[in-house]
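Below are two complexes that have subunit A in common, paired first with subunit B and then with subunit C.
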Partner chain A sequence: MKLYAYLLMAYLSLKESLTYWKDYLSFVIFSVFRLVLQLSAWYALYSSVDFAPVMGRSYETMITYYLVVQIVGDVTSANGIARALEQRMSSGEIATDMLRPAAPRGILIARSWGEKFYFFIPTMVIFAGAALVVGGIQLPASPGVFAAFVLSLCLGYLINLTFELVMATFAFWFVEVNTLRWFVSFFTALSGTAVPLWLLPPWLQAICRALPFQAAAYVPMQIYLGGTNSAEILSAFGTQVLWIIGLFLLQEWLWQRGKRRIVVLGG
Partner chain B sequence: MLSKYKRFCHQIVWFFQLCGMTLSMCWRGYISHKGWSALIHGIGLIVGYLGDYAVLYSMIMNFPGIAGFTALDICFLYSMGLVCYALGNVHTREFWKIDDLVLRGGLDLYLVRPVSPLVQMFVRDIQVGYVSHLILGLGCMLMVKGMSGIPWDILHWGLFFFSILAGCVVMSGISLIATPLSFWWGRSQSVTGFIRGGLRGTLQYPVTIYPKFIRILVYIIPYAFVAYYPCLYLLGKDTSPKAVLYPLISMLVGIAIHFAFWVFWRLGLKRYNSAGG
Partner chain C sequence: MIEVENLCKDYLVKGAKEGVFSRGKQKKRAVSDISFTVHPGELVGYIGPNGAGKSTTIKMLTGILLPDGGTVRVDGLDPFRQRKQNCRNMGVLFGQRSQLWWHLRLDDTYRLLKHLYEIPDQQYKARLSTLREILDLDEFWGQPVRQLSLGQRMRGELAAALLHSPSYLYLDEPTVGMDVLVKERIRELLGEINRRDGVTILLTTHDLEDVERLCSRVMVINHGNLLYDGTMAELRHRCPADSSVSIDIDGEAFLPDSLRNVKREGNRVSFSFSRHMGEGELLAKVISQNHVRDISITEPPIEEVVRDLYEGGEKS
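Coming up: the complex of A and B.
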């Protein structure tokens, strides 16, 4: 029954987003532009070396990486939950959320699913279309690799979700969660969604590997491109699960402490 | 004739006094609302943008360059874009809310006062939070200048400051140009957002790398004149005498786009019907 309620909330959130169809159209045009700009940059960079491999990766691998990682980024993204909680805290709506029979975090997650589909559908279409137009895109080596990639994506989503919930709980202490996001965005920019980790200097790679963000984007991409054997894939899953458990426990602890701080004024 | 000239000068002085007063009010409002959070937010912005620099630099340093521009040159272009974006949008934030002002009748408030609504909107919401962009952008440009080893003479320094000024004027015009669409469409957020945000990505790379349709677009919506052309001489990519004139051309483009905005605004204002009661 509860699951049905959450799915309904996700559906309503998607419907609400789709009402503003001009914004939707604008998002689609944005995405196409972003794609063309970035592909032009990679093309210009590789043409400077006559399309020879760089750091052992060919131009085709790079384009495959860029196109697939955009879909990975969209699938694993859980953005918006912290912002939503911040708004509900400042408007006082959190009080009514607490009184509802559904869990407040569940409501926030369900609503983020609706928005996720809103962004995911055009991204899939655009990037799949681009893959067909550009051509030469590498597919996973085997169905097994593809299955491992999909599982890794799901775990990547859970990492981002639990991290987003950790960020959201800071709304109990700070007026603006956005401030913290700017600090974190340094590392999220280096999660592998903008540029593959193999292009970073070794010291920066070491820092990135010690953080959860690359486990959500770069690890699935490594599995997709086939740069890992079975043992490494299992080890990658283990790392992802450990991050999920750690972040889940942290957000639970912060949530329990934070909700005691809620003070809502007015009738 | 003399009295007309005096009146014009008086208006200019008054406008800048108004800007100064609003700036002071906005600054005090920002600090008293956010307190220490303002400082932390500013540092956070710098840290966040450093991530973008790290991505850009790491991406390009593995290659000989991009269309003849090195990783450092690209950082310079990006910084120029950042500084111009910040300075060029200090006064445009009120126009970003034009949809609501038109649809809810909030524009009436500006129309009933004995001062041009444009002037009021320019000084209504001056953004002081862009200081971080300025510190980071200028700091990086000066750092790149030091690392690139190109000796700058007085002409370079003059062009550097003039290029920033011209880039800001162009950027401000770009942010404003589509906002009067709200008078016809009700909501123009999608178009203005696309012009302001979607095309902003073109600032960081040389325009020559893009396909023809994007190159044409960045001349129509003149992003090419914000960073790319003004920086050619400064980065030593084009040392011909005509390259010295690029910042001046940018300034003319900036003035032209503001003029187009003014005409567009006046046409739109004639169509405006108050929505309020």
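Coming up: the complex of A and C.
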């Protein structure tokens, strides 16, 4: 019953975003432009070696990685929750959230789902268009692999979500969280959405492995492309779950301390 | 029953720079040692100038802010620690903050509230149709909230606050920015809600008229201190502040010598007037002896009432 209320909230948030559907235009133009640039770069690289594998990956794998990781990045992203809390704290809208018999974090998450779907619609269209243009992409080797991929996406989302909530709680102590968020977004670029981690020098790969972010994009992609066996998949899941538990406890602790500091001035 | 005992709330304010690096933080007391009790079915006005601590009190009663000292109990519940439980039985309206979905129609917000408060279908339908009727929502039912006028939106906000049939209604400046007619309408509605459903209402406002028209009881707060708790008539009686009268007169003006603070500007004459000093007859004299084209009487502003009360409190 309560879950339905949150789903309805996500739906209303999507509906409200759609008032400004003209945003789509600039978003689509920007996305297509970026896609064309990236694909041309990979094409140039591979054509220079007569489409032989680079770092052990074929041209088709590379293109598949690049296209699918756009979707993966969108699905697992929890961006915007910290910004939303910061805005609601400084505008005082947090007060109206706290008047409801609902969890303020639940409200933030539900609203972010609306925004997520808002951008997911054009992303899917662009993805399908691009896949057609490049002549199809590789599919997962078996339904089992696909199921593991989907599961790792869910875990990846939870990692990003709990991490974002940790960032969000800083809004209780600092007025501006977005600066911090920008700084951290540098690390999230190391998740594998910008470039596949196999192209990075070993020392940078080691750093990426020590951070939680790769588990939200690179790990699902590796499962999708089939470069991993079941033991590796299970151990990847284990690591993801550990990150989720750790980050969840941290954000819970910070939230309980932070909410006492809520100050809503004026009005 | 709302029980408030020795309630305190401090804010940290960044002070002036003291040294090169250190920056002093000062504690500012927003609410200081306030105690009061509101019984079920009461309609209480809570007044005071800007920054007096009204909203801060409301925010502690509604569980948004954690008190720094003292206790708040609403029907035995601690609003901050038992927030969700307390929420179910209260409706809140902030005059300066909307709780409606800005780009959507009213019924979208209401449908969400139905599920958030888990209102059963039948009860929801009955309640909604009652509210639509008494708040007259039908004329703008299909419009997105952003296109509503302030008065229309406030009616929509009231419906949102009352949809789950709460026993307590907290109103933080519900008539702010409204014209006289709309204010009057909102007042009527609040009175009706209080009488019909026995909803306990706590109302903060700058507008003394709101309180005079609606509230049997008024509490005055300034600098975080509760200065007065009693009837409105008693408050007026205690307050010696002057009203100001302004009269447009045709032809030459005949004015009694005992008028105070007389100012003339062309045909317009203005002077101070106080009911408490038996000046009613004086005013009648001015009106009967002159050809009066227009007259306006301005009640002392709330700041003045409160200031008088405050200064009086310090003297005694």
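Convention: the second predicted complex is superposed on the first by the 265 of 267 C-alpha atoms of A that agree within 3 Å, B and C clash if a C-alpha of one lies under 4 Å from a C-alpha of the other, contacts with A are read in each partner's own complex, and residues count from 1 in each chain.
Definition applied: a contact is a pair of C-beta atoms (placed from the backbone, for glycine too) under 8 Å apart; a residue touches a chain by one contact, two chains touch by 3 or more.
In this text, all values refer to a predicted model and were calculated from it rather than measured experimentally.
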Would subunit B and subunit C fit next to each other on subunit A once aligned, or clash?
-> fit
Please indicate which partner A:C154 is in contact with in the superposed arrangement: first for subunit B, second for subunit C, both, or neither.
-> neither
In the superposed arrangement the C-alpha centres of subunit B and subunit C open, at the centre of subunit A, an angle in degrees to the nearest 10 of 80
Of the two partner chains, subunit B (first) and subunit C (second), which one does A:L45 touch, if any: first, second, both, or neither?
-> first
Compare subunit B and subunit C by how many residues of subunit A each one touches, and report the one with more.
-> B
Considering only the touch criterion stated at the top, classify A:L12 as touching first (subunit B), second (subunit C), both, or neither.
-> second
Regarding the shared-chain residue A:P101, is it in contact with subunit B (first), subunit C (second), both, or neither?
-> second
So, A:E93: does it touch subunit B (first), subunit C (second), both, or neither?
-> second
Touching A:K2, do we find subunit B (first), subunit C (second), both, or neither?
-> second
Subunit B versus subunit C - smallest C-alpha distance in the overlay, whole Å | 11
Subunit B and subunit C footprints on subunit A, overlapping residues = none
Which of the residues in subunit A end up touching subunit B in this complex?
-> 22-23, 25-26, 29-30, 33-34, 36-38, 40-41, 43-46, 48-49, 54-55, 174-176, 178-183, 185-190, 194-195, 199-201, 204
Okay, in this complex, where on subunit B does subunit A touch?
-> 34, 37, 40-41, 43-45, 47-48, 50-52, 54-55, 58-60, 62-67, 187, 189-191, 193-194, 197-199, 201-202, 205, 209-211, 214
Which residues of subunit A touch subunit C in their complex?
-> 1-2, 4-5, 8-9, 12, 15-16, 19, 92-96, 98-102, 260, 262-267
Footprint of subunit A on subunit C - complex, ascending | 11, 55, 59, 62-66, 83-85, 87-88, 90, 92, 94-99, 101-104, 108, 111-112, 115-118, 144, 172-173
